[in-house]
Amino acid sequence: MARTLLCEPVVLFRREDGGAVALEDRCCHRALPLSMGKVIGDRLQCGYHGLEFNPAGECVKIPGQDMIPPDAKVKSYPLVERWKWLWIWMGDPALADDRLIPNWWWFDHPEWELVKGKYLKLGCNYQLITDNLLDLSHLAYVHLNTLGTTDISEFPIKTDREKDMVRMTRWIIDRPAPPMFQTLGNFEGTVDRWQIVETFSPCLTQIRAGACDAGSCNPDLGEPGEGMHIRSLNAPTPETETSTYYFFGHARDFAMGNKEVSDDLFRMVSQTFDEDVVILEAQQKMLTDWPENGLIDINLDAPGIAVRRMLARDIEAEQV
Amino acid sequence: MARTLLCEPVVLFRREDGGAVALEDRCCHRALPLSMGKVIGDRLQCGYHGLEFNPAGECVKIPGQDMIPPDAKVKSYPLVERWKWLWIWMGDPALADDRLIPNWWWFDHPEWELVKGKYLKLGCNYQLITDNLLDLSHLAYVHLNTLGTTDISEFPIKTDREKDMVRMTRWIIDRPAPPMFQTLGNFEGTVDRWQIVETFSPCLTQIRAGACDAGSCNPDLGEPGEGMHIRSLNAPTPETETSTYYFFGHARDFAMGNKEVSDDLFRMVSQTFDEDVVILEAQQKMLTDWPENGLIDINLDAPGIAVRRMLARDIEAEQV
Amino acid sequence: MARTLLCEPVVLFRREDGGAVALEDRCCHRALPLSMGKVIGDRLQCGYHGLEFNPAGECVKIPGQDMIPPDAKVKSYPLVERWKWLWIWMGDPALADDRLIPNWWWFDHPEWELVKGKYLKLGCNYQLITDNLLDLSHLAYVHLNTLGTTDISEFPIKTDREKDMVRMTRWIIDRPAPPMFQTLGNFEGTVDRWQIVETFSPCLTQIRAGACDAGSCNPDLGEPGEGMHIRSLNAPTPETETSTYYFFGHARDFAMGNKEVSDDLFRMVSQTFDEDVVILEAQQKMLTDWPENGLIDINLDAPGIAVRRMLARDIEAEQV
């Protein structure tokens, strides 16, 4: 499988033992994408002249000659498969550290039901997606027909800045449950709802949302164990400066095994994200034609601005 | 309605009183085109976060906060509606002067019948359209199947240069009337015909054409009151350096109220302009790939060259 | 007929006597492609204002004026029709020398049967096509489904470098004939086969291939007169740096007049080249995005490298 990531061509394949491998998708001989070749055991064979590469990216066979020159190799990227996602490290392999992978255990745990995920290919910079996820005030305008019927802007947001994470929290106290929650939760009265959106540097965003009987939990203590819980995990992965693969998925701890609920949730999320795509691509086009001069910030941008500061700090640290 | 004019994104909408408004089509917050939002009374609401702008381009509402920062505004363009056209001023608003709008009163007068107009989007610089309108010698080659059956090149053209206008005049004396004129004019003998093409800086071209009984008027006195008259009004409006919206329309003072004549005229004009589009876009493509070096002028280019000089003078004056 | 060659717009037409003419495809007046005009006798008339050009590229008529300015002309390219191909000289006309045209007499000789040719438009630099033709080791990977079933890499190649030509020779000794040769040649036992690929500077490649009874000829003496012979003549013609018209054709001295064999051969060659197109365009895309740094050569590249050296020498000589 071929994919351009951070402007580099990457080919992904699986070894005979099932382990995933990521190599530079460009033969070191005549530059053909290796993704046009075929997997032979643990090796990838170039589709032009038959050179073969092992998972370390080393050329181990050249038709017509015995000697393999030492520079006959392609880049191999550290790759870890965890929580049903593949995590690739595009930087210096020596600095790869799998402790940087977020703990998205909900996607691989029997007490959580995984909603089918998918990915979108968006014509925008990845940061615009993070901005979008951290700013739920756009629901009332962009998602009027899907999510945004309730005006939630009367409930204030709180922004927490940690070293490598920004958190946006909003509690909606003592209100009727939205339709889906009401149907599945059988609440007798009003509910307290929460949206806890956390972005980890550089651009991994987890949303914890849920609802419980009004008054049954203490917002000051964070997300409660009571009630219904949803996890939305989001991993925008840059293709180029202005295009991004947006991988996402959802997990929940209610209506376990109920395929209909899963399908409904998937359909709702897909429709919502399709609405965002239109906005984000139009925004990117305008930013490309007319760079940022003259733009202003508003109060609701606080979490997004905090993430951009965190990111700018991390990018600057990498330049040293 | 969104339109790019002179490389700037413009959004057009109407106030509750029907007046037309032109604003910068880019929200000052996160750059979404405002044309993706909606009109609420006299205001335009952004489709991403709900900011609202008045006809002056000032942001008058930001959801989630009371204070509006003073730089929360977008550009507002002076706009006048006259002769059934919208006239926008893209330069310094302080210099907008509606006396520069040509007097195209024929489009809004009971004694003139307006032929349905339309616009074409052409992949060429606006000056190529002016060249084309001022040079009717191409009829014999480009419009062989529509207008160009008669060879009119035996009749000389006259070029007049005024301060902000160039005029090309051709009289075709004592010849049979072309079919349409003959049918509608019931001429008993030959006719005298005229083509008076006037381009006002920067690129507004009006064509006065018509026919009268041969010998019944004096060409030296300009267009006569006798006979049949047509007005062709042309306003190429640059989108970018190499693309142009070409707005045009026609009025006449004969066959008043005759819809069939209007439809015929519209169809003929549309076919003719479609033939020009092919030429102008091929010409632009070649000029883009191979800039002007090596090109020569011929005698018939005199009016077009005069317009380019007028335009160059005006552009230079603007740079000061 | 319009064609861009070496980044220049060229128009081709035939005089009344059938002779082919190549002119610059851009009118010297207002830059319209002359290929949009029409041929009038031996002249090409521009489709915009009717200027007419003779085969020497001189403007010989300008509507509306008698005087033709001396710089009213377009470039005329030396053009020779030989061996059923048109040979154009894009450089200084004074240096055109038809002795540089290769002697591809097989295409115009009664003892050789010409297989219908065609051309492909490829999105790659012309040198990648030469590399491909000189390297038959890719048959086992790219043309597995058409030509490449036999592994011929066990037979070594020989590279000869002459002043303006590079030759790659491979003999496959004492093996069963491939299906087509067997069917048409009625060989009783094994055969000796040869592939003699010769590239003349800058990029003209002729392939002489054939088969004869094993042991009936002496490989040291070059291609034998015995047996069956095929000529594959290849003239990649650059459109731009990254696109090429690839003209090719085949001739043979067996199954004369047998249309079925011609059709089979044509179909086989077309399928094979279609497989190459996919490879070459993917290769070009990668080379455009990621220039050549880090690429290595292998033993089988020797002929291709020799051609590139010859070409670099000739290009350098032209710069002086």
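Going in written order, the chains are labelled A, B and C, and every chain counts its residues from 1.
Here is the rule we go by: a residue touches a chain if its C-beta (ideal position, glycine included) is under 8 Å from a C-beta of that chain, and two chains touch if they have at least 3 such contacts.
What you are looking at is a predicted structure, and each value in this text was computed from that prediction instead of being measured.
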**Study point:** Touching both chain B and chain C (chains)
**Key:** A
Review point. Do chain A and chain C face each other with the same patch, meaning over half of the contact numbers show up on both, or with different patches?
Key: different
Check your understanding: Cα superposition of chain A onto chain B: how big is the rotation, rounded to the nearest 5°?
Key -> 120
Practice item. Between chain A and chain C, tell me the centre distance in angstrom, where each centre is the average of that chain's C-alpha atoms. Key: 50
Exercise for review: Would you mind listing the residues of chain C that make contact with two or more other chains?
Suggested key: none
Point to revise | Touch list for chain C against partner chain A, complex | key: 131, 135, 137-138, 140-142, 153, 278-279, 282-283, 286-287, 289-290, 292, 294-300
Check your understanding: Contact residues on chain C for chain B in the complex?
Key -> 9, 26, 28-33, 36-37, 45-51, 62-65, 69, 71-72
